[in-house]
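Next come two complexes built around chain A: one with chain B, the other with chain C.
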Partner chain A sequence: MRLLASLTRRLLVAVPILLVVSALLFTALRVLPVDPAAMSMPPNATRAEIEQARIQMGLNKPLPVQYAIWLGRAAHGDFGQSIHLRRDALRLVAETLPATIELTGAAMLVAGILGVAGGLLLFALRDRKAELVAETATTVLMSVPEFIWALLFIFIFGVLLPVLPFTGRLAPSLDRPVVTGFLLLDAVLVGRMDVLMSALAHMVLPALALGLAFSTPVMRVLRASLLDVYHEDYIRQARLRGLSETRILLRHALKNAFLPTLTLLGVQFGFLFGGSLLIEVIYSYPGMGNLMVDAVRNADLPVIQLVGLTYCVVVLFINSVVDGLYQVLNPRLRAR
Partner chain B sequence: MRRWWHSARVLVGLGLAIAVLICGVLAPLIAPHDPNAQDLLATLQPAAWQAGGDSTHLLGTDSLGRDVLARLIYGARVAITVALAASFGAMVIGSALAYLAGYFGGRVDWLIGRAVDVWMSFPPVVLSLILMTGLGVGERNVIFAIILVDWTRFCRVLRSEVLVVRRRDYVAAARLVGFSHWQTLTREIVPATIPLLVTLLTLEMGIAIVVEAILSFVGLGVSPDQIAWGQMIADGREAIYQAPWTLLAPVLAIFLAVAGFNMLGDGLRRSLDVRMVEGRE
Partner chain C sequence: MTGVSRRGLLQAALAAAPVLSQINQAQAAGSDHVTIGWPSDVPSWDPDQRFAPDAQGIFKMVFDQPLDQSPTLQLVPHLITKWQLAPDGRSLAVTLRDDVTFHNGDKMTSADFRYTFFERIKADPKLDIGRSWRKVTDIETPSPTTAIMRFSSPAPTAPVWLAFLGSFVVPKTYLEHVGADGFRAKPVGTGPYKLAEYEMNARIVLERNDAYWGPKPALKRVTIEIIKDPSARVAAIQSGQIDLTISVPVREVTRLKAMPNLAGELNPITRVILLQIRNDEGFSDQNVRLAAHHAIDKAALSKAFYGGAAVPLSVPATPGTPGYLADFKFPYDPAQAKALLAKSGYSLAKPKKIRMATTNGQFPSDYDIARAIVAMWKKVGLDAELEVIEYAKYFELNRGDKLPEATLYSFDNATGDPEIYTGYLLNPQLPFSPWKDKVFGAKVIAMFNVADEKARIAGWRKLNREAVEIGASIPLLQSVQTLVRKKSLAYTRYGNGWVLGQTMKWS
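== the complex of A and B ==
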């Protein structure tokens, strides 16, 4: 209940930000040297025809009026048509967003598991010589951006030892069940084990590449906050009470050290969600990132605008959820 | 031991960064071939030490028979230009706003803080792609896009540091002696934040190299006639089965360059930050 209230408050704060973002996006894309009217017409269209289209699309009106028109239509769920694909932009996003969410969720899981495991390992190595090596290793790992991991994994697991698929979301021989758009969920819903296994296999490499790149900051923050927590009195108390080191770490320290890590995971989500774009391009994964890159290549303004906006909505939403969780989990904030 | 290890890391980082710089500046002198010279009779040749390799092409040739090593060296040019220009630009804008926000506080701080919020709600890759749509391809536009995306990294971190420094006694003393706001900022506050700024700048160079590679990889970076590591990766990916080294060479180059800047930045942070130096002893 408390979470819900705190979450609602935070989501309300996000609304003005979203309005500003949409206005900025709108302006940025309108001042471009591309003419959406001319682009939506066949190449042999006359000047008069293009002018007609401009008037029809409202492009002859002043920018604020154009934005108001756009906002009014957007409120009714009309985000325009893709110029390149000649399909409803909202529909295109609705078809690709679940794939991106699935990929990002899996990557977040990888980043969380590897990050916590690595952070505990780094902490266990404190004040030993091996710590220097481990620290250097994390610096080096941090220098590998997700798209480099993606390419290396394709080379290692796709070419050298061809054990995992690295294109698409599903083996081409399988037909895709569509219930919710979330492939893993749909496969379970219709009870198709073959589809589930194939979808999971296709997700391993992209999720690993994306998650690995974001696990190193998690490791570092967890280690640093564990070091901080170990200076607190209650750790000494616990030792005096004769608790084992493992119990102190897992039952007392980790719980408190986890809060800064949670905040970091929230901040990282924006980067991770954006990073999925490139991973999708590299693995030909049919998500929103590929839609975006295609739209950008074809200067498909309505799609660019809506996809850009969707990325922002998701990031703002997740940040609100993380903030809300933080508020609920942190006893110091709960009292207020 | 610790000290030695840290300075070793800084040195390795510095060495890597300087190596990229030298490759970029002296590319025409040290490149073994013309990077654009095609030899369609010798395409996808393996590296010199592999079976069938040829010592005239140390790292082999790409799908158009161009020398991979020469292209790698010329690619450093774009990488280092973008890294230096974009990170300086982002630093100037981001830190100027951070000083304003942190020093004056109040409405200025609120306004700049909300601007950062709006910017941060865009995933950086998405924002840079949108900007490149508007700006069009080209080295200058890549630099411009990175500046417009990454100023927030400087602004956010530096602002909190300025908030701390502003409350120090010597800043109050400077004001009491009759320093103007401008004098206080430039003589007392800016110098106190230089170590942080240098660290952020170094780390940003690594980020800029990655972003440039990403943009060039999707074909929205530098113009197609320029040689960039990202483009080499895109080309190499097409030939991954026949000639994996054309992919691995630029991948390794990016990794080494970024690792260099990261190690340098990380090491500088530890050696320049007084608090960390004290905590270490």
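== the complex of A and C ==
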């Protein structure tokens, strides 16, 4: 109940944040040297026709009035129409968001597993000669951006050892079931194991490329937290009680050291969500990042605006969930 | 002990490898499926809405155009069996096939033809197709299989336009019933394939239309994977995940075609790469414009960026098309360039400063070509500041008179007609041309009304030469379509770069 109340409180706080972000986005996009009216018309439209389109779109009104109109419509679920695709912007985002959430979720899992495992390994190697090697390895991992991993994985697992697919979400010979838009879930709902296996296989490389780059900060923070925790009295007392080092690590130290790591994972999710943009293009993954790249290329302002807001909503939501979890896991905060 | 042994793991991995490999592979030779890797998606499933040259081939699998083009680009009958342009060019009488049905079973008639090329475009000014058929004042439909298009002024290229870009016949009854959104969600055409599945920016799955009026495609299913990244397309064809792809780097074609199961092609197409020129600011002086042209070594550009396969052009038209002048060559002559600049008071010590724009990634090696040109200009006394723009911004900048003196541009003209080259590239009233000179512009505009075919072609050929001689256009290269396919996959090669699933078969 406490978690739910905390989540509700944080989501309510998110409303004014969203308003500020939407206003900033709206202003920034209108200040850009791009004419949405002209972009909405065929290339050889006359100036008079463009002016007419400008009036129809309300672009002749002062900026605050334009924003108020946009906000009024947005409150009713109308986020405008894509200038380039001439389709409802909200529907476009709704169609592409599930793929991005699935991919980001899988990448988060990769980052979490590798991060925790790597963090424990780094900690275990402390004060040994191998520590330097491990430190260097994590530095290398951290220095390589996700798109380089993406290309490298395509080369290794797609071309050199052609064992994993790297384009799209499904094998060409399979039909895609459409129930919720979440392919993994849909495959389960319609009982198609072949689709599920193919979707999972298509997700491995992009999730690995995206997750790997984000696993190293988790490793380092976890290691640092563990080093801090090991200076605490209760660790010493646990040793005096004769507990094994493994038990001390897993039952006592990790639980406390994990809290900063959890906060980091929450923050990382925002970056991970943003980082999916390039990965989606490289792996032809039909998510919101791919939509955003197209929208920027075509100066499709309504879509850019809505995708930007969606990123904001997702990040706020995840941060709220992580904050809530933090309260649940941290006994000192629970007691307040 | 129930633990997993290393041997067990190894055995499991070996067992899984073929399964994973199956997941990974596109269709093998002998199947009735093909998987194509395509660099861009369709702008929407309404073919009349947004014109995109790369989408025309995809649309041609689902929809039909009134007329078609042969692989050598001759106009050939399609939905229209006969057509007759009036001597004054103000009307076009057509006869339609009477055995064509849309994918939903509706029969295609002249009412659909009238709806597509008249009623619909008058109702929605935002449709791109409306811009191509501005001159249409009415379409009479004396019978379900005949129609007469009426034009406000001569329309000599009307038959050509019936086979160009977004001129696809759409179903009147269905579209009026489901609306534009409904049509885009579930498009219905008359083409050889039906849209079975579409996932934006990911894949298009087409199933053969067994009720097709024309020759039945050999392949039952065509899957088009949208792979925007050129490196990923290269990897996909090399690994066997796709069967055919286009627009891969030239050096990769050379490498891939050396592989035993792949064939690589560098196909010159009807797309021209040129510099679009302003007639004012830093290029108001003809000497400077001509010097800029003489300073460019087009053969070197072709060799460096297209393996020598891109033909250097001296006019804005490609070899084999009516407007091409085989006997006219504009020479690469740096000495002449220097002399022309000297006449206007410029030299290496006192260079003429201009601006140049280019896209980056819109067509193969665009940015590199622009940088090479800037370097060539520098050697004769032209100091160009290079700016990168998005393709979508070209029209907006031009409309606002904000394009720089020269812009590197790739112009597609699948028809090869000279009006759609020079007429569009240099007509000051159209959005493609930064050249706004009224004297030359008037000559271009006048050519749009010449109905006599011989006089029309002769006129455009003359203007092509004049455009280059006065420095209104700097044509560079005939564009090259790079294509890699499995050797066992045959397809029909079109001079305009169309790659159509209905022409493919496994050998």
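The definition used in the following text is that the second predicted complex is superposed on the first by the 336 of 336 C-alpha atoms of A that agree within 3 Å, B and C clash if a C-alpha of one lies under 4 Å from a C-alpha of the other, contacts with A are read in each partner's own complex, and residues count from 1 in each chain.
Following the convention adopted for this analysis, contacts are C-beta pairs under 8 Å (C-beta built on N, C-alpha and C of every residue); 3 or more make two chains touch, one makes a residue touch a chain.
This is a predicted model, so every value here is computed, not measured.
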| item | value |
| --- | --- |
| Fit or clash between chain C and chain B when superposed on chain A | clash |
| Partner chain(s) touched by A:V20 [first = chain B, second = chain C, both, neither] | first |
| Which superposed partner A:V281 touches (first chain B, second chain C, both, neither) | both |
| Contacts of A:Q56 with chain B and chain C, given as first, second, both or neither | neither |
| Partner chain in contact with A:I154 - chain B first, chain C second, else both or neither | both |
| Contacts of A:S244 with chain B and chain C, given as first, second, both or neither | neither |
| Which of chain B and chain C A:T180 touches, first, second, both or neither | neither |
| First, second, both or neither for A:R297, with chain B first and chain C second | both |
| Which of chain B and chain C A:T8 touches, first, second, both or neither | neither |
| Clash with chain C (superposed arrangement) - responsible stretch of chain B out of 1-9, 19-27 or 37-45 | 37-45 |
| Those residues of chain A which chain B touches in one complex and chain C touches in the other | 34, 151, 154-155, 158-159, 281-282, 297, 299 |
| For the chain C and chain A complex, residues of the former touching the latter | 17, 20-21, 23-27, 33, 35, 37, 41, 43-44, 46, 49-51, 125-128, 130-131, 180-181, 184, 196-197, 199-203, 205, 221, 223, 225-229, 231-232, 235-236, 238-242, 390-393, 395-396, 399-400, 430-432 |
| For the chain B and chain A complex, residues of the former touching the latter | 1-2, 5, 9, 114, 117-118, 120-127, 129-134, 136, 206, 210, 213-214, 217-220, 233, 237, 240-241, 244, 247-248, 251, 254-255, 258-259, 262-263, 266 |
| Chain A residues touching chain C - in the complex, by the definition given at the top | 34-35, 38-45, 47, 49-50, 53, 84-88, 92, 95-96, 151, 154-155, 158-159, 162-173, 175-176, 197-198, 201, 281-286, 290-291, 294, 297-299 |
| Touching residues on chain A, where the partner in the complex is chain B | 17-18, 20-21, 24-25, 28-29, 31-34, 129, 132, 136, 139-140, 142-145, 147-148, 151-152, 154-155, 158-159, 270-271, 273-275, 277-278, 281-282, 292-293, 296-297, 299, 304, 307-308, 311-312, 315-316, 319 |
